[in-house]
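Quick heads-up: structures coming right below.
Two complexes come next, and they have one chain in common, chain A, joined by chain B in the first and chain C in the second.
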Partner chain A sequence: MRFTANRQRLLDAVSVVSSVTGPKAVRPVLQNLRLVVDVSGATLLATDLEVAIRYRVELLEVEEVGDILLPVAKLSSILREGTADGVKFSLDDRSVRITCGGATWRINGENPDEFPVIPGFDEEKALTLERDTFSTLIRKTLFACAREKTRFAFHGVRMEVNGDELRLVATDGKRLAMKSASFDNTRDVKQAPIVLQKGLMTFERILGPDPKVQLCIEDKQVMVKSGCAEVSSRVADGVFPDWRNVLPKARLLKAIFPRLELMTALRQASVLTSEESRSVRMKFADGRMVLTSRAADVGDSRVEINCTIDGEPLEVAFNPDYLVEGLKNMEVAEVTLVLSGAETPACIEGEENFVYIVMPVTLRAG
Partner chain B sequence: MCPFNSQRGPVENVGPEPHDPRMAAPTQRRILHVDMDAFYASVEQRDRPELRGKPVIVGGKASERGVVCTASYEARRFGVKSAMATAEAVRLCPSAIVLPPDFPRYQAASEALHEIFRRHTTLVEPLSLDEAYLDVTACVITGDGHATGTSATHIARAIRAAVRDELHLSASAGVAPNKFLAKVASDMHKPDGLTVIRPEQAAEFARALPVRKVPGIGPRTEELCLRYGLKLCGDFLRHSEDQLRRWFGIQGPSFLLLACGIDERPVECERERTSIGIEETFVKDIEGLFACVQALGPLADGLWQRMCAAEVRGRTLTVKVKYGDFTRCTRSRSLSETPTGAAAILDYAVPLLRNTDIAFRRVRLLGLQLSKLEDPAAPQQLVLPFAADSNGH
Partner chain C sequence: MRTDPLERVQGHSEGCALLRSMLLRGRVPNGILITGPVGCGRRTLALAFAEALLFGDAQGLVDAAEQGVRRLRQGAHPDLVLVEREGAKRQLGIDSVRALRSEFGMKPLEASRRVGLVVDADRLTEEAGNALLKLLEEPPAGSHLVLTAPGQGALMETLLSRCVRVRLGPVDSATVLQFLARAGVTGPTAALCTLAAEGAPGRALELAQSGFVEQLPAAAKLLQCEAAPFTTALALHAALEEDKKQLEETRERVRQLLRAALFLLRLRRRALEGLPWPVELSPELALESIDATSADRRSGQLLQALQLIDTNVAPPQVLTHFAMAAKVRSQP
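Up next is the complex of A and B:
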């Protein structure tokens, strides 16, 4: 193997690829990336066995093709520390000599046969979407899924295709976000998989200048291709709950707010909530909502905001973070908070094809 | 021994009454430790006359690897002790009558006992159903240091008499200036005994006690004590605080105080619950990750039920494992939120369980405990009411 690459371009590629290999890789060999050089360029591959990536980079000159495993962390440090525009690689048995300007590094590589096989993208079965549509769907749902890996189904985002509509739903059990968008669909997709959180994050990361993205939904994995990158993500186990079941059943109170003002008020009140139980209390009366909060031994707050109220007077409390995260992901000037009771689901409406449901926090006793 | 078949009268070791009750320093506390004699077994013998005079064991079945909760004094003569495997107890005493515990009945007797305590003071610290500390200082000495005319010994006698006459059970009691000595005293003339340690006797009395009697010194620390030549509490007095700190860490200096008969721990009437847990000893040792994970399911259900019943929530989960060879290990983690159901408990517990040696060792016992409990009045995040079978698991 012997080639010359543009240092910055190769560094950008390695940076994207390295997000898949984690420091806690399941097997030491997975802390490497696989570098395959052919006459027309290089392919970088990495996986943590849940998410896999295949990234194509153009090279300036290829003198000899080759295939080797290199430690990701060292390779990206070398490319970052290099100063010249061009960087030269040459493989001698199992060690790679990297030259950039006046610096030369030699790092030991490993046998590429040790690396898991990374599936290729099947364009035959792919759907084609607008890049911006896909990225919006991910951004407006991914934030709502559970951080804990053990919560199987809640640690991912459900993806479903109904006719010409693609829908993503995510929940951590306490709030739920659903966003859908229509696209020009030519295929019948029966699967509705739960894509792992890390898979979706990687999908979003590879979205490049190409305005189109290809999506391939299979039983065991979901793959995305955008420009020079392909990512496949394993599908999570578990049963994803039906979001329609938790839509507010009654609409006891509706309050219309300017979105940004509501966010500001919630942030103001959230300053004085306790760490263990983030809770802000809401009271509605006379065209105003009054937010109150209290942090034990620290202090309390009271924030007033005007709104249009329709319905019965109701007192309810929420974790302000959950409301703010939902509001942040809406792109409308006005939102409606719909309450069905003090201990039953509430939702924020306003943006088309976006559903955001939040469970309240119990009111402090007394 | 149950009073109904006791051949001898109650034992009292009260010594001569002081001439002037004000001999006790004004700040001197008067603490009682009351401990029922063979409580569960005595309740059974009281309620079922045919059991009186016979060796009775209350505990789990021998065939299910149960252990002895309480043995009547007739059974204790054969060497049967609490916490012994029932199988072993039956081997020692083949004529023993083994009964399963009937907690509601013991609970009722315990409530009646507490009612008797409360006639004298509200400063009662229960240690278990049948054992409590009472601080009777205020009944004996008034706020300005004068004696009220009654004495702690009188109160102990009154309590023992009420237990005998009203509950038809027997209690042993210790009277001392602090909890440590009161507890040692109540144990000295068991069953049906009363032992009084006067403040001026405290230091001398403590010095002669074996180190194992000191609260905080268990079998392992005792071993350490013996290695350093500390057999009796008095032996502690030969060493400096610094030396003891080197040997026993921060506990060292507190051992020295206790060894001198000084114990400032107050009688805490409202013991705050600090944890809630559940555990199970299996009828047969279980083997393999799968079997353990399966066994954890009912424990998670049980813990959740107890959490709901006690209305507590907590942020630290501990998994306890006892292996076939009786060695044990625990694994804990703090949680980002209190578990909201048995399934959530299981979610957190399974990775902890994987972190033990269960995959290649036989397991005798599994337990789950929730600690770092939260204020139950604090607002609680509710969960979305998805159908029960689709909560993310």
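Up next is the complex of A and C:
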């Protein structure tokens, strides 16, 4: 293997690829990236067995093709420390000599056969959608996933493709975010895998200037192709709750708020809540909502906000953080809070094709 | 050509037959515990079983040329999660079991099921054992956990109750000798290591590769050091200590020396009982000055010394303590 590359371009590629390896990789071999050089350029491959990435880079000159595993961290440092525009690689047995300006490094590589197989993107099964639509779907749902991996199905986002609709749903058991968009389901795909959080984050990271993104949804993995990058993510094995059962059945009260004012009021009231009891009580009556909160041994708060109420007077309590996170991800001036009872799920509506559901906190006396 | 991976495992026909019958009936339990002496081939059997489970056809046969099989043998298959101690670590911690749980939270990538292999499950910390128990209690569909351990004694009762046991015994000497010959170990070294390993091929190979036979003269010296116990013990320690900073390595070499001495005493006992010698030994290793009573007494002292080295007593102190005790007891 012998080639010359633009240092900055190669460094950018290594930086993207290195995000799916990590110091705590399960197997030492995964701390490497696979560098495959062919006559028309190089492909960088990396995986942590959860997410895998293929990144295509153009090279300045290829003298000899080749294939080798190189430690990501060292390669990244070498490219960062290099000063010249061009960087030259030459492979001698398992050792790679890298020359950049007046500096030369020699790093030991490993046998590429030891690296897991990273599947290529299957163009024949690909669906195409707008990059901005895909990015919005991810951004508006990913935040609602469970951070911990204790319930694996909640650690990912369910990606439903049905007819001409793509719907992403995420929940951590206390709130649920769902965003859908229509697209041209040319291949009549019908799947609903649970894509892991890290996979979605990597999907979003690789989205380049290309206005279209290609998506390939299978039972065991989901792949995305954008520009010169292809990412595949494994899917979680588990049962995802049926969001249809979580939607509020009854609509006892509807309250319409200016979104930003509601966020401000919730933040004000949340100042005096404690870690142990992170709840804000809401009382609806006479065209206004009164928010109250209390932190034991610290103090209490009361915030009033005008709103348009339709329904019976009701008292309910929520974790303010969950409400604020949902409101932050909406892009409308007014939102409607729909309550179905003090202990049943509430829904925030307003933005088209976006549903955010929150479970109330149990009300205590006083 | 399709072959049976379990046939690669030699000397454990009963264990192989039990695992094979699970495969053929298509009824493989979610938890399997393979027990047997250290170095007897528990891990090898577990890996062969995992291969048959992931790639086997209805007869449990696999195609060795298949890429997945090749990668599994290299330890790089995504649907086989190997949990074992790193380097010199004595315990298996919670992190490795968490990694296993994460892997089991995903659908298998290439095969239709997943296998988690926990090597030396007796070394799991309590926290790690409890985390593993959760996986055994609620195993994801299509997942199998294979645990290995020298015995069931150190395993949590709750783990035991959720696993089907496969017991392996010692392997006969001829099989161990064949195994060593394939690894290029033959002659007196092979015979001595086979005898010392007591039916554990892996242990025999480890002994051959760690210079066990070369350590026997030093072990004989330690056992016959009444004339100058202190200086002999210190001289032996100095020879074993290659680098003062590498205390753990020195400790391991002293441990090996004590085990070699224990083995020589076993041979001496055989000679005193009139049993045939397995190999021609040089006179210096025959320990002819040691009678049955003192052979037993010194064996006890060696076991005590091995306990001391495991409890972090400094290696020179362990050796001098053993040598001095032997002198005191040998005086009339």
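Operating definition for what follows: the second predicted complex is superposed on the first by the 364 of 366 C-alpha atoms of A that agree within 3 Å, B and C clash if a C-alpha of one lies under 4 Å from a C-alpha of the other, contacts with A are read in each partner's own complex, and residues count from 1 in each chain.
As a convention for this text, a contact is a pair of C-beta atoms (placed from the backbone, for glycine too) under 8 Å apart; a residue touches a chain by one contact, two chains touch by 3 or more.
The shown structure was predicted, so the numbers you read here are calculated from the model rather than taken from an experiment.
Novice: After lining both complexes up on chain A, report clash or fit for chain B versus chain C.
Specialist: Overlaying the two structures gives a clash between chain B and chain C.
Novice: Identify the partner contact of A:Val235: answer first if only chain B is touched, second if only chain C is, both if each is, neither if none is.
Specialist: It touches chain C, and chain B stays clear.
Novice: For A:Gln221 in the superposed arrangement: first (chain B), second (chain C), both or neither?
Specialist: second
Novice: In the three-chain superposition, say which chain, chain B or chain C, touches more residues of chain A.
Specialist: Of chain B and chain C, more residues of chain A lie in contact with B.
Novice: Go through the superposed model and pick first if A:Leu196 touches only chain B, second if only chain C, both, or neither.
Specialist: The answer is second: A:Leu196 touches chain C but not chain B.
Novice: Looking at A:Ser95, would you say it contacts chain B, chain C, both, or neither? Reply first, second, both or neither.
Specialist: neither
Novice: Regarding the shared-chain residue A:Ala146, is it in contact with chain B (first), chain C (second), both, or neither?
Specialist: first
Novice: After superposition on the shared chain, which partner residues are touched by A:Asn108: those of chain B (first), chain C (second), both, or neither?
Specialist: After superposition on chain A, A:Asn108 lies in contact with neither partner.
Novice: A:Phe154 in the overlay: touching chain B, chain C, both, or neither? Say first, second, both or neither.
Specialist: first
Novice: Which holds for A:Thr362: it touches chain B only (first), chain C only (second), both, or neither?
Specialist: It touches chain B, and chain C stays clear.
Novice: Between 6-14, 60-68, 78-86 or 150-158, which chain C stretch has C-alpha clashes with chain B?
Specialist: 150-158
Novice: Can you give me the overlap between the chain B contact set and the chain C contact set on chain A?
Specialist: 152, 238
Novice: Please output the residues of chain A touching chain C within their complex, sorted ascending.
Specialist: It is residues 26-27, 29, 49-50, 113-117, 149, 152, 155, 196, 219-221, 234-238 of chain A that touch chain C.
Novice: Could you please specify the touching residues of chain B with respect to chain A in the complex?
Specialist: My answer: residues 315, 336, 340, 347-348, 350-351, 374, 377-387, 389-393.
Novice: Can you list the residues on chain A that touch chain B in the complex?
Specialist: The touching residues are 146-148, 150-154, 171, 173-176, 238-242, 245-246, 274, 276-277, 279, 317, 319, 343-345, 357, 359-366.
Novice: Show me the residue ranges of chain C that touch chain A in the complex, using the header's touch definition.
Specialist: Result: residues 67, 70-71, 74-78, 81, 98-99, 101-110, 140-141 of chain C touch chain A.
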